[in-house]
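Here subunit A shows up in two complexes: once beside subunit B, once beside subunit C.
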Partner chain A sequence: MRRALIVDDSPSMRQMVGFTLRQGGFDVIEAENGQDALQKLQASVVDLIITDLNMPVMDGITLIQHVRQQPAMKSKPILMLTTEGLAAKKEQGKAAGATGWIVKPFDPDKLLLTITKVLP
Partner chain B sequence: MKGSSNRFPNGAWSSSPTHIAIEDDGSGVEAELARYLPHLSRMSVQLKQTSTQIENSVVDVCISFQGIAERARQTVARTTGFLGHQGNEHSGKRSFEGLLDSCSETLVKILKTTEEAGEISRRAIERIQQMDKASQSINAAMRQLEEIAKGNKILALNARIEAARAGSHGVGFAVVAAEVISQTERSQKVNAQVGDLIASLRSLASSTLDDLRQMNEQGQRRMEECRLEVDNSLHDLQAAHGEMKEMLTGMTEEGVLLANEIGSAVRGLQFQDRTSQRIAHVIEDLDTLHARLVDRFGSSAVVEAASDKGFSNYTMHEEREVAGIGEAESGQGDVELF
Partner chain C sequence: MKIDLSQFRQTFLQESADHLVSMEAGLLQLRSAPDDVDLLNSIFRSAHSIKGGAGSFGLNNLVRFTHSLENLLDRLRSLEIQATEAVIGILLQSVDVLRGMLEAAVGPDSGAVAAMPVAALELAERIEALMPGEAGAFKTITQDAVPQVEDGRETKLYEVQFRPDQELFSSGTNPIVLLRNLAALGTVSCCHLHAEELPALAYLNPSQCYLSWTMELASASEEHELREVFEFVEHLAEISVQRIDAPEQPEPGQATAQYPVVAQTFAGPAPARAQAAAMPMAAAKKSVSGGESSSIRVAIDKVDRLIDLVGELVIAQVMTVQMVEDFEPSCLPKLREAVASMERNTRELHERVMAVRMLPVGTLFQRYTRTVYDIAQATGKQIRLEMDGEETEIDKSMLELLGDPVTHLIRNAADHGIEAAAARLAAGKPEEGLILLKAFHRAGRIVIEVADDGAGIDTDKVRGKAIERGLIGPDSQLSADQLRMLIFEPGFSTREEISDLSGRGVGMDVVKRNVQQLNGAIALTSVLGCGSTVSIELPLTLAILEGLLVRVADRTLVLPLLSVIETVPLCDGEIVRFAEQGEVVVIRSESVPLLRLSRYLELAPEASNADAANAEAKHRRLAVIVEAGQKKVGLVVDELLGQQQVVVKSLERHLHKIDGLMGATILGDGCVAPIVDVSGIAALNLFSLQLPNKMSRQVLSSTQSVRAASI
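And now, the complex of A and B:
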């Protein structure tokens, strides 16, 4: 079973994304910010990361920058899931190493479809 | 107070973020503003609590959805396992379809065995009939032996007559003739006994033949009845199985619809995330405004004015607690009869 890490400071968003991914057959790990996600990644191998942008302690862009420095995570898909839709922010995400950008609210079917496109 | 140009003609304030300068003109505007400062921090706390409560509710709803979807999935999986080909791998139980196939195979084997028994019975009847024909041939041969014995007896009698005519020369021949008669009579007796035994055997064979025929006919009839009964039962079971499969298909389709509806609900519930973020931004602005006003007027003014207003429109315990007017009261869901 493939494993996904969901990073969002909102418990309800983690629940909703987690629900969608479990329905799609994923094992799900949750983290409430970038720092927490990095700790979780030390203990678990994941196939996919879905992260929010604006979070306390460590934001999504910084998280991606850290994650991309890990050899095992260089080619793993990382999707940004955020209410932010500004082109400049998207460029920042792309430069940091994000695989894709989804603006909330997300459609569960579309999210799963997007994931199948980015997963090898 | 400056900035009256920000009012619309109907008297409402414009929402445009225009800076409004406040100058103390000695008319008590600053004091009036300071009086409302505590409201800002309380509004901020109210908003935070409201946002958290909405968040918790949405989390609860999501957890419930997760449970509903999981139960629906498990129910369909169990029913599919029971009806389908694969059975339940974990419990080792066979599927309903597997049981049906097994019943059909067993029935075919039973019918085949019964047919084989019928065939053996039929061959036994044929052999007994062949034995009966053989015993008829034996009877015919025995009748010939009887005729021969009768001929021998007549021949011996004639020999005795000829021996008497020969006088003393025929005495020895008369003894031989008498012995021939005696032996012939003995052979006739043995012949008669064999005839009786064969008649007895034919009688037994005839009874056995009747029993076998009866048994064979009953067996065939019963087998046909059983075949019809089992065929009907299997047909009914297969029809029931078909109906159950249709129901399962319906359940699976319902499950897909349920999942889609939950998906729509999940999409709808995300309003909370957006609302929470907007509330968080409002809270930040309120906190900033509060901090700036405290800097401007000093915290002493805030403290002095803190209990100035009554918050009479607050109805919930949490609201009154934030306003500093909390007191012992019933919790959510408590019932009190008067």
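And now, the complex of A and C:
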């Protein structure tokens, strides 16, 4: 089974994304900020990372930078959850090495569709 | 696949309510630190999260409003705009508006169709006015355009070139996925792989991409749909999509025409605005109040400990079963040990489960910062609210019921207690008034104290007012304490003019009644010129109460010990009967109405034969004098059995609500004992309600047959 890591400080967002991914046949791990995510990544191997950008402790951009520095995860698909109007953030995310993005409001069908763009 | 997210709506709403609380607290902090970027960031994050979630549930009004709020907060955190008092005021009002919108969204699918509340429209305009550079910009909310799809689209032939940078893999992109997705849009007639740049193996860096592709594709999709496949790699590749079956190239302007921008204005069409005006927020709020969440959030370590305990309990239980199965007298000590361990675990489990319902009072206290801020703004006074003991825990249901009385006390302190700045300076006090809100434990009970350093209560004024209101006679000799307690009398107000903030003088008696309903007590101390302190003392939980066990006929009843004032033996001579209407007992020249519980609950022996009459006559009966809300009632009982803590169980869940009973408990021997609702009894009109209560009869006979099967 494919496994995805969701990183978001909002429990409801994690619930919704998690629910959608499970429906889409994923095993789901959750983390509430970048630092938490890095810890979870040490313990398990994932096929996909979906991360929010605005988070306390460690934000999404920093997380992506850290992940990309690790050889084993250099080419892991990472999707960032962004909001329209924050184009600058999206550019930062792209520069940091995000594979793609999902624009909020979160829509489950859109998420699954987006995943097919980055994951075989 | 259509995935339904509505099951997460409740979580979202609860979470958003929490965000509002922290936004509010943050905004109030911001007043003393307007440049605190961390604080501004966390406020921004709260607004941002609400907006993000609201979109998923189709709460468009909420999205639109938080969107403009977010713009303002974004400028604040980049320090483009100063967080002045005026700005903070607007933001606080926005929090109120959001709260109203969220409350209106509690019902399923409500909010999605409702018009934008007027308050929100007005505030959005004011928020806009704060950002001159972007004025009018948030009126237009662009949405992702859905390209028009015509039926029976023609198949077109495209040539697609995809030349990724060498660094493509560093973004986690898998080119095969892209090619497959492209192929899924039509039929690939030709795919050419360009491997010219591929170096010799010795020079090959496996983390770089050296390949590129050209494909011919027959597809009914539009060009932009093909381009969309490469949406995420536009910055990492050269992509060209060209039609090769038609000679004419699309005009440059056409691409934008394919993305029509759907513009909506904040204000909406005039009728919608009128409709919004017709539906005030309060109405929306009222309609959903029934659906209020009754969930509780429990710290994970509390839950872990519960699971541990249950685990230990299971082990002890398994051990016991084994020992009982192959029982030999020699294992008796071990069996004892196992039973003792079960007992220990059960007791701890009980305590811990009760603790799950306990919440820190800080969750309640938080909101008062705002209350005080509002009053200070409205009255022009300077008031600081300090809190202490926010971590003190109290039963959740109690916390909810405490909200209103404490609000009232805080308002009273801020509005009536604290003087205007000039008066304070004249009295030699600091300009800024102080209200201290404290919670602490005292003798197994929780105390909540509201203290102010204001003017205090002028007992002479109280006396004058009380005489004027007819509460006391003109020549009554009352101590200062007794005079001060008069403010808890219904209809008493020491202030000449009625204030909008703390309302009419209806407050204090209602506060007292509310506290008594919680089995609590209220006390007041005040020093003229130095301030007043009101303290509320409450049991830790409503689920357990200290009970006085009494016998009435053949039943055991429980009276809440807190309401009991005294017990007096009843002699016939002291009982005054009013024919067919009731009786009173005179105690120290005070008449106290009597209620024969046996008759009220129909517990009297039905046979009125001589034996029973004799027995009754010999028996010295007792009256337990209880007090509730200023009223005293004497409850006639046969015997006092003792005093113990009882766990209150609801009757309504199993049976029917009975006037005069607040629930029942299960005694050590497994019998069900009804608990008398003293304030309910006091509220009865004793002079017309001496008739047997049919309903209670039925219920009591059913409780009699109920035996406790579990704890």
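Everything below uses one rule, namely that the second predicted complex is superposed on the first by the 118 of 120 C-alpha atoms of A that agree within 3 Å, B and C clash if a C-alpha of one lies under 4 Å from a C-alpha of the other, contacts with A are read in each partner's own complex, and residues count from 1 in each chain.
As a convention for this text, a contact is a pair of C-beta atoms (placed from the backbone, for glycine too) under 8 Å apart; a residue touches a chain by one contact, two chains touch by 3 or more.
Fair warning: this is a prediction, and the values are worked out from it, not measured in the lab.
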(message) In the superposed model built on subunit A, check whether subunit B and subunit C fit or clash.
(response) clash
(request) Applying the touch criterion given at the start, work out whether A:V28 contacts subunit B, subunit C, both or neither, answering first, second, both or neither. (result) neither
(message) Quick check for you: in the superposed arrangement, does A:R68 touch first (subunit B), second (subunit C), both or neither?
(response) second
(message) Output check: A:F19 vs subunit B and subunit C. Expected answer is one of first, second, both, neither. What do you get?
(response) both
(request) See if subunit A has more residues touched by subunit B or by subunit C, and give me that chain. (result) C
(message) Which partner chains sit in contact with A:T83 here, subunit B, subunit C, both or neither? Use first/second/both/neither.
(response) both
(request) For A:D109, select first, second, both or neither according to whether it touches subunit B, subunit C, the two together, or no partner. (result) both
(message) After the superposition on A, what does A:P11 contact: first (subunit B), second (subunit C), both or neither?
(response) both
(message) Going by the contact definition given at the top, which residues of subunit A touch subunit B in one complex and subunit C in the other?
(response) 10-13, 15-16, 19-20, 23, 54, 83, 104-109
(message) Applying the document's contact rule, which stretches of subunit C touch subunit A when the two form their complex?
(response) 1-3, 5, 7-8, 11-12, 15, 42, 44-45, 48-49, 51-56, 63, 67, 71, 142, 144, 169-174, 176-178, 180-181, 207, 229, 231-232, 235
(message) Using the touch definition from the top, list the residues of subunit A that touch subunit B in their complex.
(response) 10-13, 15-16, 18-20, 22-23, 54, 83, 104-109
(request) Going by the contact rule at the top, pick out the subunit A residues touching subunit C in the complex. (result) 9-13, 15-16, 19-20, 23-24, 54-56, 68, 74-78, 81, 83-85, 94, 97-101, 103-109, 112, 116-120
(message) Which stretch or stretches of subunit B touch subunit A in the complex?
(response) 55-56, 58-59, 62-63, 65-66, 69, 259-260, 262-263, 266-267, 269-274, 276-277
